[in-house]
Amino acid sequence: MAAAVLALSALGLSLVFGVMRVVNVAHGEFFMLGAMLAWWTAKMVPGGPLAGFMAALVVAPAAVGFLAFLTERLLLRRIKYDPEATIVATIGLLFVIQQLALSLFGADAKPVAAPFTYRIAFPWFGYSGYKLFVVVASVFILVGVWWVLARTRYGLIMRVTQFDRETATAFGIPVNTVYSAVFVAGAALVAVAAVLIVPIQQAHYLMGLDPLLMSFIVVIIGGLGSIKGSVIAALIIGMADGIISVFFSPTLASIIATLAVALVLVVRPQGLFGVTAR
Amino acid sequence: MFLHLAVIAALFLAQFAASEYIVLMLTRIMVLAIFAIGYNLLFGYTGLLSLGHAMFFATGLYAAALGTTLMGLTVPAAFAFAVLAGLAVSLVMGVITLRASGVAFMIVTLMFSQAAFLTVLYFGEYTRGDEGIVIPDTIRKFAFLGFDVDLANAVLRYNLALAFLGCAIAFSLLIVRSRIGHILIAIRENETRTSMLGYDVQRYKLAAFVMSGTLSAFSGACYALMFAYAGSTLASIQYSIHPLLWTLLGGASTVLGPVLGTGLMFVLVDLASSYTNANLLMIGVVLILLVLFFPKGILGTIRERYWKWLP
Amino acid sequence: MAAVSPLLETRNLSRSFGGLKAVSDVNFTLEVGEIRAVIGPNGAGKTTFVSLVSGRLAPSSGAVLFEGDDITRLPAFKRVRLGIAYTFQITSIYGNLTVAENVALAAHQPGAKSSLEYLERVGLAGRAAQIAGTLAYGHQRLLEVAMGLALRPKLLILDEPTQGLSDSEITNFIELVRTLSKTATVLLIEHNMPVVMELAHRITVLDRGQILAEGAPEDIRANRAVQNAYLGTADA
Amino acid sequence: MADNRPKKHQEDDAMNGSKLIVPKKPGLSRRKAIKLMGAGAAAGLAAGPGFVRYAQAQSSEPIRIGFQVHRTGIGAAYGRWYERTTTAAAALINEQGGINGRKVEIIAEDDGTDPGRGAEVVEKFATQHKCDVGFGTLFSHVVMGSAPRAGELKLPYYVVSEGHHVASTGLNRYTFQPGITDVKSQVIAMAPWIAKNVGKKVCMIYPDFAFGHDHRDYFSAAIKAQGGDVNALIPIPPTESSFTRYFPQIPADTEVIYHVMVGPAVLTFVKELGEHFGSSHPALFGFIDSLEAVDLKSPGLEFLEGSYLWEAYPRFAGASPKPHDTFYREKVGVDANGASVSDAADISTFSHMFGCWETLFILKRAMESAGYQGPADKAKLIEATEAMTSFAEGNEHPQGDKQFNGKIHQCFGHQNITQVKSGVAEVVYRTTIEEGLYEPEGDYTKMAL
């Protein structure tokens, strides 16, 4: 469960970093916005949780994607995707989005009803049917993205752009359009993740930090820019976190996990599954 | 040089002219400007963008707070202890994190800082976690070199903060003007080249890292002892972003930029909070505008256009 | 000792990237005072070879000896201090600093005075106060050489120094290298054959990571293997 | 935007109020002046015929109350309701003639729920806004960061935080918590009833930071004193957003799960607890803190049905509310379900915000008994506050009567245990004040002023 959600939220970040070589610190806020919009849509759309959920699956990625489009056009392109300037600018964006969410939606945690509820009962504990659905949906999305990247023309274009911006330009690939598309797709993906997760978690304007940090961790362990690596890392972390916390107090477990991630990045900057940077 | 003395002198005179509130605010600005100056040594001059400086600030903060309340240190001893702790932590962190570079360095420092934040919570028995600890007034009154010092005294505290800030500016100026300063800039400009000129780049980066971390810890110690509080909020990610913001606003790789940036940001937030609650929005917008239009900050832009001699 | 052993020696020096052997079992010797050119077709491993010598890359196996001492494990900056200077193929100067500051950094003596001497030798003394990034390309290459000189090297490695220079600039450059060779041994990687033929005392030809031939310019010119591997395909 | 309306509203009230006050004022002032005759030279001087004019001159200058409010940051959901309650109480005080004939002005500053900014805000109140007192802080870390500054600047500082920080006597003489019971007292008061009626084997799930540790320490001791036993402690790190993996640690013989989860993750917590246990589960006892501003009928909270909650002030008015309860709800704009009258989905922080209301009325009483005229009378205000011993239930104290211990600057009130029935929490037990009393840990009154 944790692993599927993690992989999904990290996917967008990984995609953006992979192709554009920039870190979007506002990634978590895109997630938060997606969740907020899911709540808002569910409230606005009549016809019960299922209708609201379906509507949110359209509205949230579209709106967040549009915001990402503006960000890419008005901000990132102007600073020429400079890695450090991008981090600073997206930190700024993080604050702006947080404040807007607070002003527009308020500070309360906003619960969203799951489109369906079904509790799968095991003899020793129960499991939510909706959570299982989230896992299945995440797997579908991950496989879908992988398929696009590995098997289609778009994927090829993205990989060429990732490999070398100049070469791509020389091959007549509209690099700017590709960047826009990737950034928007990354944001839309994380918004979808948020819509899926919000019936489990609820929306809150400060919820973005946690997925951001976790996504960072996943993307780092998996190797910056490697989608396969991100998925494997999400699985490992989703499980390891649970295992570590059996042996240590949870806060200590978090400390150990964080340190471990940092050390991985120090020893193998390319991540566990990444290939050495050119 | 003259400019820097003038700034110090102006700050000294300000306490006679400004309102009580401004004096209090300036005290805080000066203490935190030391943090920004420390940050600038690494970010501005060496070109290493750390997202984890809260960890050093917190090192000083807690070394001073726990040193006085739990270990029974006097205030001067607590300052010394905080500096030593800052030195040790930044040395260890530097050796580890400097193996990474670029974006990886940013994220590694962020991670370590987050681990430090969690560590503060983990030792909640001593640190009282998020709630934090208050340093009693009895500890903040002490005799030093025959003088009776009371850190609750606003005038004394202002001048102490000013003296510390003066030292930090002088130190920063000294470093920047020295051989090591030139080499740090060379590393920022072109690391491979500098290494191929026979410089031990790793050692110089470590030196910058340690100076930066130690200054930050010193600022943290000042904060704890002068304002009598240490809490985990001051170790959170936000306090890693603050010095970056201040430095960027004032002008990275200018000696006075961090001071100006800290002051300006305080005034902005303070003014805004009287009219609107959109503090976050403003910080965000300032960051974005800076990156878009003034990537060199205020003093950096001034240096580029007018005062080329500005250090 | 120094008189007995060659200035630079490599023993079975190899480096591979993944499965590809960029440099393979190279045994190479360079005597004091030489101007040696290393030539070879694109991808022959020339830049990898000098990177191994300068310490920018670590070898997969083999050893590098400088003045008879094993320096295989020394990091690049320490080799520079021993006297191995490297000028970059792609111009690598401090674009935001002045010309004088660039050289001063190389001379390890911040302060513009000491740098003037080296700038005079490459003919850039008049531009000492200019911001290096605003120099014309040819001048940037000269600055690069001046920085190499300021290191007072025993061995100066010039990686494709004439690339992008005009013909007149090349003529001056040849003169410059001749004077340099009075104080330092020069290891020259070059594509431009006339420059090589004019300057080099000896030439080493690399092909697919291995030494194909080595000898005086006229011998190399006559070498059939070299012609097949290299000259035949080059436009020089 | 949201606070514009109340402010205007308040000004209107104040203006209307001042018209109303004028005829009443001389009487009020004289009575007070007589009372204070022996108290000090200033009061003696004022007792002459010229006093009426003097008081009127003063009345143009309002009493300025610096309100440190969490508008942004983690405390924002609470802050909004603290602000509404405070505005309502101040409007009422002004309607009734203000304090000592002067109207009350609330000067609100956002502290971002950040102790650093909180300290700056206190400095601003003391020196820039020239406030008479500081007031209204909720989150403990902001109180801790701000209190030293209030003490140094000698700004009387009345917090509404429920932390044990004030009562621990670790702060200073200027910091009070007269309007809300501290957590130590709350927890001690709860333990006997839990042990007797719910179960003796208790598993505690709490946030792994100071607030949770207070619960852990005080409740563990209290339940042991009742012959009970804490069979497992499950601290949850503050960054957690999913809890499933902690639940296997709950021992099988647990009779009561005691949960305190502060933060927006509470819904997840309850939902996952429900998924873990299904229909057969130990009894639940929880602190309302995490469910403040949350609708008990929210999707996923079904699992709370039948569970017990601590509430300082029951959110649901019940079948026969007392008149002062109705009065208070009407003035603040809260319906009988604890939601905003203008939006039934906007749930209040009912068990905490009453503290703002009551604190303002305590402040009014303290200022009146001190004959407070301005910052020069701060010491008298402190002493007058410390001299108070009890507050009677009524419009000014709708939550109930309280005892006040001037030595530790802390009040002690009744606590309520409610049970969730069909999404409505009904009171099943109301503790006595005595059940929540403990030995004082120190004495502020011995500190210098």
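To keep things simple, chains are lettered A, B, C and D as they appear, and every chain counts its residues starting from 1.
What we mean here is this: a residue touches a chain if its C-beta (ideal position, glycine included) is under 8 Å from a C-beta of that chain, and two chains touch if they have at least 3 such contacts.
What you see is a predicted model, and the numbers here were worked out from it, not measured in a lab.
Engineer: Looking at the contacts, which chains touch chain A and chain D alike?
Structural biologist: Shared contacts of chain A and chain D: B.
Engineer: Tell me which chain's centre, taken as the mean of its C-alpha atoms, is farthest from chain C.
Structural biologist: So the farthest one, by centre of C-alpha atoms, is D.
Engineer: Which one chain sits nearest the middle, judging by mean Cα positions?
Structural biologist: Of the chains present, the most centrally placed is B.
Engineer: More C-beta contacts across B-C or across A-B?
Structural biologist: Between B-C and A-B, the larger count of C-beta pairs in contact belongs to A-B.
Engineer: List the centre-to-centre spacing of chain A and chain C in whole Å, with centres computed as mean CA coordinates.
Structural biologist: The answer is 48 Å.
Engineer: Please work out the Cα centroid separation of chain B and chain C, and write it as a whole number of Å.
Structural biologist: About 44 Å separates the centre of chain B from that of chain C.
Engineer: Chain A to chain B: how many Å between their CA centres?
Structural biologist: Distance between chain centres: 33 Å.
Engineer: Between chain C and chain D, what's the gap in Å when you average each chain's C-alpha atoms?
Structural biologist: The answer is 76 Å.
Engineer: Multi-chain contacts in chain A: which residues touch at least two other chains?
Structural biologist: As it turns out, chain A has residues touching two or more other chains at 99, 102-103, 213, 249, 251, 254.
Engineer: Which chain B residues reach two or more other chains?
Structural biologist: 118, 121-122, 279-280
Engineer: Taking each residue of chain C in turn, which ones touch at least two of the other chains?
Structural biologist: Nothing qualifies.
Engineer: Edges wherever two chains touch, nodes for the chains themselves; is that graph a line, a ring, a star, complete, or other here?
Structural biologist: Looks like something else, not a line, ring, star or complete graph.
Engineer: Would you mind giving me the full set of chain pairs in touch?
Structural biologist: Pairs flagged as touching, ordered by label: A-B, A-D, B-C, B-D.
Engineer: Can you list the chain B residues touching chain D in their complex?
Structural biologist: Residues in contact with chain D: 19-21, 24-25, 28, 118, 121-122, 124-125, 128-137, 152, 154, 227-229, 231-234, 238, 269-270, 273-274, 277, 279-280.
Engineer: Considering only the defined contacts, which chain C positions touch chain B in the complex?
Structural biologist: 54, 56, 75-78, 80-81, 85-86, 88, 92-97, 101, 104-106, 108, 110, 147, 151
Engineer: Which part of chain A faces chain B closely enough to touch in the complex?
Structural biologist: Counting only chain A, the residues touching chain B are 23, 75, 78-79, 83-85, 87-89, 91-100, 102-103, 209, 213, 216-217, 220, 224, 249, 251-252, 254-255, 258-259, 261-263, 265-267, 269.
Engineer: Sort out for me which residues of chain B touch chain A in the complex.
Structural biologist: Answer in residue numbers: 49, 51, 96-97, 99-104, 106-108, 110-112, 114-115, 118-119, 121-122, 237, 241, 244, 248, 278-281, 283-288, 290-292, 295.
Engineer: Touching chain C in the complex: which residues of chain B?
Structural biologist: 179, 182-183, 185-186, 189-190, 192-201
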